[in-house]
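Next come two complexes, and both contain chain A; in the first it sits with chain B, in the second with chain C.
The block that comes next holds the complex of A and B.
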């Protein structure tokens, strides 16, 4: 029985590791300047925990195999000093690994979430609400109109709470339901939520950031390839959460200018 | 034998009298018609982006616009409810149900007038879930989910009220239930015209309601089977 257990554990371990090594279900393409650092961190983490997993499971299988014959009356060996140094050693070993991953990873994380956005970033406002995302561009005047939450009215398309009657800067603001951005340009988003917690997650851009109602949360990234990608909400936000998504269109500089002109004319 | 006939006759007379007492007053043949127009510059209606809901987006070949100030040629104003707000006789709600559709992630019609206690049926014609949420204040407020293929919601409103309607899943969806006391009403079409028919002679107050610009009234007197004009002009603002 012990031998069978050892074989099953070994087979499960090898198949599990093979799925990761062969990238059977791997991450989607990376189209962001953040991506390489994030992906390297992911690889480091996978190798670190993968080696420990492989070693741990194979040792378990070896022990199960070795001690399957209980009739021989062998003396059971005890870890020097008993259980306490064994557990303490394990905590130190795992702790060291977690600390190392955190230390190395904080650099990749900090480049996205701590470093300020580049000065030449293009600013876009994001409003998340149950169950859609809306995006606001400053329009031809380059200025965003002020936000008045009491003026939010979805029925007339005023998702941000603009006051064009009294605020000239708000009149040409472009508000749309899809995020169109130029390639190779730093984008600086400001995340607002109208109601509850939401999350901005674009797998290909390797960014994920929560919306918190009442806070203006900055998020910046640079897309390196054109294409259409899905933005999904990854914070359970209500009955329509499954349906809360939008598309991110990364286009060339020329196409983007053309798109802006069309939008400004509407 | 004579008693039987007498009994039958009495019942017939009683039933006839009862019908006269409780049925709607005989419909008149007077009418009020006119055109709803605006002065000033109307706000630009905004295009609605439905790309996140492909089954709805593909139902529209031209961009869908918001409808809160729907205008037409000749300064026409659409979706204005014109109704008798005073002078009308008491009448019971029509037995036929009103129909409201959720189609292409829009409410159709944008404004639906009906009579208090009249049956209302709400359909989901889309291949996606809707959660209709009438924001009633006088009547009781509710919201109901309707996955694709659900049977219609059968409901009714007890009291007169102007009720904005939204969808809890698609924030751009917006419409109105206009619940009235009177059975005499009309909604202005794309050319701004309307006609209220079947009015008995009398002195009436006619109200015209637009969701963003409120209510205007006029007094109209109908004698006989004439058609009286009543035009309303709303002052609109670009923002």
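The block that comes next holds the complex of A and C.
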């Protein structure tokens, strides 16, 4: 029975690792300046943890195999050196791995979340609601109109609660249902939620950030390739959560200016 | 060879009426079995819910026979609506975490065996003990009632994030009476858990028999004791959090709801609350809850493995130290659930470091269990197999924690199936493997009859292979960015992943079906199994020094005296290869 256990554990371990190694299901292409550090961190962690997983499972399998020899002549054996080398080894090896991951990983985290957005970032407001995203550009005047929750009215398309009658800055704000951004330009999003918690997750940009009702949450990134990517909600927000999505279109600088002009004229 | 002491006097007389003997019993053994029975009912409900969810995820348009009978609105024609999927998911998570993973390894086995393992005749406060079970039972009834209210069960997940959970019907279906019942049920559950935790702590500290020093306590008792301390601090925070949530929902307060929110075209009347406050309070409970679920199973496996390895546990003091360290660190890591929540990003590093450091005692515990297998003469009984299986799944679940503990990787993996794989392996499956090991090991003591080994081994193999087929592919889904808590996969990038979901569903159905082998074995053996001797496994701790099942006062009027630790296996120079804790014989060599 011990030998069977060992074989089954070994087979499960090897198949599990092989699928990871072959990248059968994996992260999509990275199109952001944040991505390389995160992907490198993912690879480093995958290697370190993969070795721990492989070693742990295979050693367990080997010991289980050995322990199935219950012949009466054989004496039980205590692990060489007792517990001390295992405890010391775990503290040193896992401790080192932990410290390494912490120091390296905190840089990648800091670049996205702690560092302020570049001063020349392009600012876009995002409003999340059950079950849609809306995006607001400041328009030709470069100013956002103030948000008034009591004026929010989906029926008339006033998703942000703007008051163009009394607020000049709001009159030229551009509100659209998909996020169009220029490539290689720092983007600074301000996330608002109209109702409950939502989240902004674009796999290719390697960003994820919750919308918190009552708070304005900043998020910044720079897309490095043009293309069309899916933005999905990852914070449970109600019955239509699974279908809350939008597209992020990364376009060239020229195309973006043209798009902006077209939207401002509408 | 047993001496007696006059250490403890039983606090209450044996009951004579059926009600006092089997229903409102003060006997910790009956209460332990009641907790086990409740967990058993709960786990099969939770499992069926997971079946329904898995079938829907793989084949969303398939009508499920009979489902419309449970909810004509939630599943018209047997095809569940998106909100009903979320309802079943919420109820699955809540029932499994609270009524199974908290009840079975801790409350059920702890109630039954902690007093016996320390040589006591009962818990310190038998009436509190009875109250804690019946309070938990009421909590369960309230929770299950949510299935039958008109707007359906809640849909906000087992974490009940505000403001979705705090606003009421404007937020969607299931968030009116269903969510009220959820919050009330969990508040009641907290009261029961607090009563139980106090009892466990007082019993361990005050009622140990003569010679039962802390260092001689079995590892399972140590685990239940540490878990009780964690529970006391964790549920003491969740209880007021639930009360505040109920007030937000019913009394117009705004603890968790900010001003200016618009739902269902209504500007909500709340103002000034913090939605992140709920997350902080919930996870201050929620992460220690992970250890409330897993520590007892670690203790159970550390107790059982040496019995079948026929050698002492490697590093007994390190094992106890690691359990205490995990309990201590469990209070410093709650923020790792909130890296992308919008809390101050500086704090992510502060929560990441202790989260990563908690892997050190967890790794040591795993290595000590593996080291115990080294050179053993293993008796491959069913409980032994589940102990080995526990080590394997605990490794699998533990290593993925390295990813999620890092904020920079959590950015990608948060809220994906990678997280679902991680917590199911490390918290649910590992914990349940400990419960299975404990059941096969202790059923002879609890019921006086042995369980069937052949059925037990079939149960092990189908379950062990099955859980890997279910949860290992979820890691791959997470790497591809498959978001959790979706009732259907309509995004362009998710559609190619549906075949993986179909594989997982088939594995879940098969693995779930295998659990009926266990259920049959448990019930059949209870009445028809071979009679168990007092010590069928040749184990050392005190429960094996009394009859199977133990008498009302546990030791038949004897007051046990302890001379040994629980770890005396593989002993040479004795007529057996082990020495009971009650044996005064001197151990010369091993």
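List of remarks:
What we mean here is this: the second predicted complex is superposed on the first by the 242 of 266 C-alpha atoms of A that agree within 3 Å, B and C clash if a C-alpha of one lies under 4 Å from a C-alpha of the other, contacts with A are read in each partner's own complex, and residues count from 1 in each chain.
Rule of thumb we're sticking to: a residue touches a chain if its C-beta (ideal position, glycine included) is under 8 Å from a C-beta of that chain, and two chains touch if they have at least 3 such contacts.
Computed from a predicted model, the values in this text were never measured in an experiment.
More residues of chain A are touched by C (comparison of chain B with chain C).
Of the two partner chains placed by the overlay, only chain B lies in contact with A:266; chain C stays clear of it.
In the superposition on chain A, A:130 makes contact with both chain B and chain C. By the touch criterion defined above, A:41 reaches chain C but does not reach chain B. Once the two complexes are overlaid on the shared chain, A:95 sits against chain C while remaining clear of chain B. When both complexes are overlaid on chain A, the residue A:197 reaches chain C alone and has no touch with chain B. Using the contact criterion defined above for the overlaid structures, shared-chain residue A:239 touches chain B and also reaches chain C.
In the superposed model, A:149 lies in contact with chain C only, and not with chain B. Overlap of the chain B and chain C interfaces on chain A: residues 129-130, 154-155, 238-240, 243, 245.
Remark: chain B residues 43-53, 66, 68, 128-129, 131, 145, 164, 166, 168-172, 174, 212, 237, 239 touch chain A in the complex. The residues of chain A lying in touch with chain B in their complex are 129-132, 154-157, 159, 164-165, 171, 175-178, 238-240, 243-247, 266.
If you check the complex, the residues on chain A that touch chain C are 1-2, 5, 8-9, 12, 16, 19-20, 24-28, 34, 37-38, 41-42, 45, 48-49, 52-53, 56-57, 59-60, 63-64, 66-70, 74, 76-79, 82-83, 86-87, 89-91, 94-95, 97-98, 101-102, 105-106, 108-110, 112-114, 129-130, 149-150, 152-155, 161, 193-197, 199, 201, 203, 206-215, 217, 230, 232-243, 245.
Residue ranges on chain C touching chain A, taken from their complex, read 81-83, 86, 155-157, 161, 163-164, 167, 171-173, 257-263, 265, 267, 273-276, 309-311, 314-315, 318, 340-342, 345-346, 348-349, 352-353, 356-357, 359-360, 363-364, 366-368, 370-380, 385, 388, 391-392, 395-396, 399-400, 402-403, 406-412, 414-416, 457, 461, 464-465, 468, 472, 475-477, 479-481, 483, 485-493, 497, 500, 570, 590.
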